[in-house]
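Take a look at this one; I'll ask things after.
As written, the chains take the letters A, B, C, D, E and F, and residue 1 is the first residue of each chain.
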Amino acid sequence: MRVDGRSNDALRKIEIVPNYIIHPEGSVLISIGQTKVICNATIEDKVPPFMRGQKKGWITAEYSMLPRATPERTIREAARGKLTGRTMEIQRLIGRALRSVVDLTKMGERTIWIDCDVIQADGGTRTASITGAFVAMILAFQKAVERKQIAKIPVTAYLAATSVGVHPQHGPILDLCYAEDSTTNVDMNIVMTSRGEYIEIQGTGEEAPFSDDQLAQLIALAKKGIGQLIEAERQVIGDLLTGEKEGSKR
Amino acid sequence: MRVDGRSNDALRKIEIVPNYIIHPEGSVLISIGQTKVICNATIEDKVPPFMRGQKKGWITAEYSMLPRATPERTIREAARGKLTGRTMEIQRLIGRALRSVVDLTKMGERTIWIDCDVIQADGGTRTASITGAFVAMILAFQKAVERKQIAKIPVTAYLAATSVGVHPQHGPILDLCYAEDSTTNVDMNIVMTSRGEYIEIQGTGEEAPFSDDQLAQLIALAKKGIGQLIEAERQVIGDLLTGEKEGSKR
Amino acid sequence: MRVDGRSNDALRKIEIVPNYIIHPEGSVLISIGQTKVICNATIEDKVPPFMRGQKKGWITAEYSMLPRATPERTIREAARGKLTGRTMEIQRLIGRALRSVVDLTKMGERTIWIDCDVIQADGGTRTASITGAFVAMILAFQKAVERKQIAKIPVTAYLAATSVGVHPQHGPILDLCYAEDSTTNVDMNIVMTSRGEYIEIQGTGEEAPFSDDQLAQLIALAKKGIGQLIEAERQVIGDLLTGEKEGSKR
Amino acid sequence: MRVDGRSNDALRKIEIVPNYIIHPEGSVLISIGQTKVICNATIEDKVPPFMRGQKKGWITAEYSMLPRATPERTIREAARGKLTGRTMEIQRLIGRALRSVVDLTKMGERTIWIDCDVIQADGGTRTASITGAFVAMILAFQKAVERKQIAKIPVTAYLAATSVGVHPQHGPILDLCYAEDSTTNVDMNIVMTSRGEYIEIQGTGEEAPFSDDQLAQLIALAKKGIGQLIEAERQVIGDLLTGEKEGSKR
Amino acid sequence: MRVDGRSNDALRKIEIVPNYIIHPEGSVLISIGQTKVICNATIEDKVPPFMRGQKKGWITAEYSMLPRATPERTIREAARGKLTGRTMEIQRLIGRALRSVVDLTKMGERTIWIDCDVIQADGGTRTASITGAFVAMILAFQKAVERKQIAKIPVTAYLAATSVGVHPQHGPILDLCYAEDSTTNVDMNIVMTSRGEYIEIQGTGEEAPFSDDQLAQLIALAKKGIGQLIEAERQVIGDLLTGEKEGSKR
Amino acid sequence: MRVDGRSNDALRKIEIVPNYIIHPEGSVLISIGQTKVICNATIEDKVPPFMRGQKKGWITAEYSMLPRATPERTIREAARGKLTGRTMEIQRLIGRALRSVVDLTKMGERTIWIDCDVIQADGGTRTASITGAFVAMILAFQKAVERKQIAKIPVTAYLAATSVGVHPQHGPILDLCYAEDSTTNVDMNIVMTSRGEYIEIQGTGEEAPFSDDQLAQLIALAKKGIGQLIEAERQVIGDLLTGEKEGSKR
């Protein structure tokens, strides 16, 4: 049995609190077990220089952890004066994932800034960030619709992410907590849409390479978890995605 | 009447949630009205180089705001690659204030790191940080006593902080919210102990100089507010400060 | 008796050399005892981006110390690649203080850059910088009047600053030299106008809190010192401030 | 037909020049079509601080491109003062991949620094870097064996990497050149061992999500390419890996 | 006899490979003995801000060494986050030297970026960079003529550079390799034109001052070497400089 | 006639004020015409890491200009966060020059830090810095002799520096002021000893190459100026250099 008593294919408890912070256009506190991330979405009425004049919008993300989100205090990146490679990887991943389900041509020349701040970490912070950021982004788009900035939410599918891994004792498992993450040989983060398509697969076998069989099992676990995460998103934001009706028929 | 209906000498609602984050030795979520700050205290078993070999401890603070703690998104200091002058001023102030009520010779060669992260800002974030940080520090010292690292909590007084200012319409007021702070001519932050002594007075009249009379009124308001804040601290951490009995007789 | 033989309420020798450096619009070498600061004022015919289009001017300050202004050599901030928190605090303070006595709407869209470079330090460098910077700024405004950029000097009051503190042996004292500053429990910097109003009070009791009585004594000492400093300014720049006639009647 | 006339499952021309630079312990110039990378391996007789005292070695990588490796000149990271997120991702990937096939406990407390400098880029620079770096690392280990620093080469498998993608016209294709890379919807980098196991899968469908079918086709293409790349490695470094006999039987 | 058997007035073997990298407008691999530098020239259709509106072009250079260009690995400047003083000196020198033989008024408002990347170092990298950069720049100008951006190559003379020094055993010597450079007392870099005029003399006698006699001998050696280097340039780029006919008559 | 009425071979007025700042071991204010530099020398009782254990001392220099040392205000390098290439070149030059006349083996494992801060600039700041720094260094060595840290001043010759150039109207001239420096085609800085030997020659003909004849004339002017500068040094520090008696006989 896993360290917290879960079965190999069980997610931890999911909680998504909408409108958590008062100022942002979209704000969510997402908890996946003990991992807690504040995801805020800001609408800015311009795009970065490299996007200007293309009549398209842009979505970009930043990620950070409070110093004591972790068991040991980590030095602030602001104090170090630069971002770690890990942070850069994660914020690039979040931005890419969100952009993949948005029709940027329907946003106007606007940027959505996603801020994911991990206030408590227990494994899976990047996948929780993606899932929470998706909801915060939808809330911001709802605000933009209310403000008549856009006609409808320009999103083509629901999107969620989870982690899977190969544990030395338990084999393939879903949604790793920190204790599992640090003892797991293979570690994989998967982002998928409500249409069952892949947005990102990032698997690494630094400690031990993995086989075709293991890859298949990991993917199956991820699909199950992502389905449940998308269901949790739907509880919060309802059934209002552009084209989602058609999409869900496929 | 003030923007939120308070009288000139009224604090906003105070809420102090202890043990808010699971990992730190001391953790508090403090809310002063809509201003919300996570204050975490970490015990490290060494002191910075300039303190080594003095058989004394050290207390230092870091302060940050989430980008959307504010009505407009502010750029992350980690992204800018350096701290603003405002942040440096505030974190120096928090550290100085806490050290003033701790007997550093009773801590062993340990450092307490205080992390104040503003998740939602509505004025008075630096004073809320000091008040919250004091409680988080006490919780960390309690943990150190439990762990038998120190014999008792080496603190000489309760400590709290508040802001006062001279409003163009209302005159001297206590505990400014953001709407008031941005229209106020004189702005003053005061840190005091439970013995009624001053730790810090920082008053600035950039927009309009202030007179001896106004100074006296501001100080009287601050004293009233700080008394109530210390009472709120006592609700959370109880009556356990070293020498506080004697102190309260004075 | 104090380390240099002064009475508790005595300033050190004040010397203000105008037109010290040939290039700046305003330039002063101010000596307060052994503390020597070159204060240069530069007029720039534009304002920073956040001030554009407001038909107002801006005043900003930078502060630095030569590495051997101090008994021990300190590392250059240019070599470290960033400013210390202390420097940021001081330069923000100088800028704020000067702006408080200038009618920015009478300057046109111009910036005055104040550069305070401490070539020799013996305590009180930030207050000497403010006093010297005020004179350098007036000299620059005189140049702007000569050049017909502005009609008259847009300053509403004289301004000076000094330090006071509570010495363990001598009690409250005025104008601390370095030897006193490093042994003093309470340290306070005060900036006042020729109208007897406060611009800044920054008092800190890190080593020992201070009482209402001590606060009152410190303020009285500061008032005395600031009066003499303003008299010294008047010797250099004469009686030419806008509205000063009315002001001095109060 | 593809832009350079290849079939969908064809690699570009592979060339690996060993001992390209005279100073490093291992040095290779690898060309995959027009992509050219100098891969240098340096043996250092100590490990980074976080590895000290563990009786293990460490392998770390750095990656850079000459400014005109690309059609447009890119700004040097040294001139910008910091690494881009892309560079950090790539160098972390290279290091992780190499460590996965090395028995670090057989290296002594040594570090191998891998430097991959792209002198000419035409797509696939990160995967060419991994393949070239693997050969450079083996050459460095051979030098360490000659110098009697280690008894034999502590490598558990051959390793190579390639890119695959889904092209809007051609469908799944192997080994993308730059012209293809910039028009491809799905982009995937795969690192595998000579045992047919996965070290890394990094697939992203920012432009268009991908299906299970497409994933299977991409993996099949990658396996074919990696087999040929490992054959090319064998031409240069021979059949001398620890345990490779057993491995090659599978 | 010198460490590599040369006479005191002999250059090492010169090799200049034109069109080495495919993307740049001009590209050269220059080898002077074991020193190898890739010199790329990029034409950009604008000038830096300080040159705008002057109807002139600009030429600027950047210089770097691969970490293992040297016997010991050196830390990347991109990883350190800043350029060393040595790098800055060298790139300023290269830019200045090239500009001295170009009629900037005949380039249009264009910048030529010169990138000198040392892939293998054995002394004399800065002078090899200048010589190689001159050829790369000419190739880029030829491309600009082909593209009809400019009417003819706006260069007034050939240009080359070499190093000379005073060796403790051999006395004045030409073209120092690394082993000689590190044992030489006096070190001088000289840049001259095909007209026998000086562009730069940079001589330093940190280890031992030098006399008028030695200066004369060093200059004579440099002249001899530079003549041969210019001859090698002519082999690659031919006899096509503007005004070179007249120049060579002087 | 030159802009300030001097003949082509005349220096500007030299003034060297010893013991200018009270804290440093050696301190000088040097004025060469309107150029004014504070040169401070600090003795530190250790050497930098790369010199440890060699039983030798080290001399290193830092150089800076006050923002309004110049006609236009220049941005502080501390505010920019990095040194310019010009500053790096100059401080490397000053350090190298001073080390060339010191017997580092007679200093013990000590560092002399030279700080040259230009408070007013009118051309020739780097050469004035070298000349002033030489005197400050001697004063610091005298202090070290008084403190019995060293037996005698470990200097082998006097040292001074000046600038020469080729002016379009006046031809070769000595000691360029700023107005001349900015219109001069050839610019050369020369550092020589009291024995008539060269320490540094740095000549650049960016605007126009220079001939053998011009080089000879420039050197003759520099020799004359340096002789007078060394005489001025002697007025301040007397005839006390190790071995100078013998030296001056040569």
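Operating definition for what follows: contacts are C-beta pairs under 8 Å (C-beta built on N, C-alpha and C of every residue); 3 or more make two chains touch, one makes a residue touch a chain.
In this text, all values refer to a predicted model and were calculated from it rather than measured experimentally.
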Going from chain B to chain E via touching chains takes a minimum number of steps equal to 3
When each of A-B, C-F or B-C is compared with E-F, the one sharing over half of the residue-numbered contact pairs turns out to be B-C
CA centroids of chain A and chain D: separation to the nearest Å works out as 29
Whole-angstrom distance, CA centroid of chain A to CA centroid of chain C, is 52
Each of the following residues of chain B touches two or more other chains, namely 81-83
Among line, ring, star, complete and other, the chain contact graph is ring
Around the ring, chain B then chain C onward, we get B, C, F, E, D, A
Touching chain B in the complex, chain A uses residues 21-24, 27, 34, 38, 40, 42, 44, 62, 64, 66-71, 73, 76-83, 87, 113, 115, 117, 119-120
The answer for chain B against chain C in the complex is residues 82-86, 88-89, 91-92, 96, 99-100, 157, 188, 192-193, 195-212, 215, 219
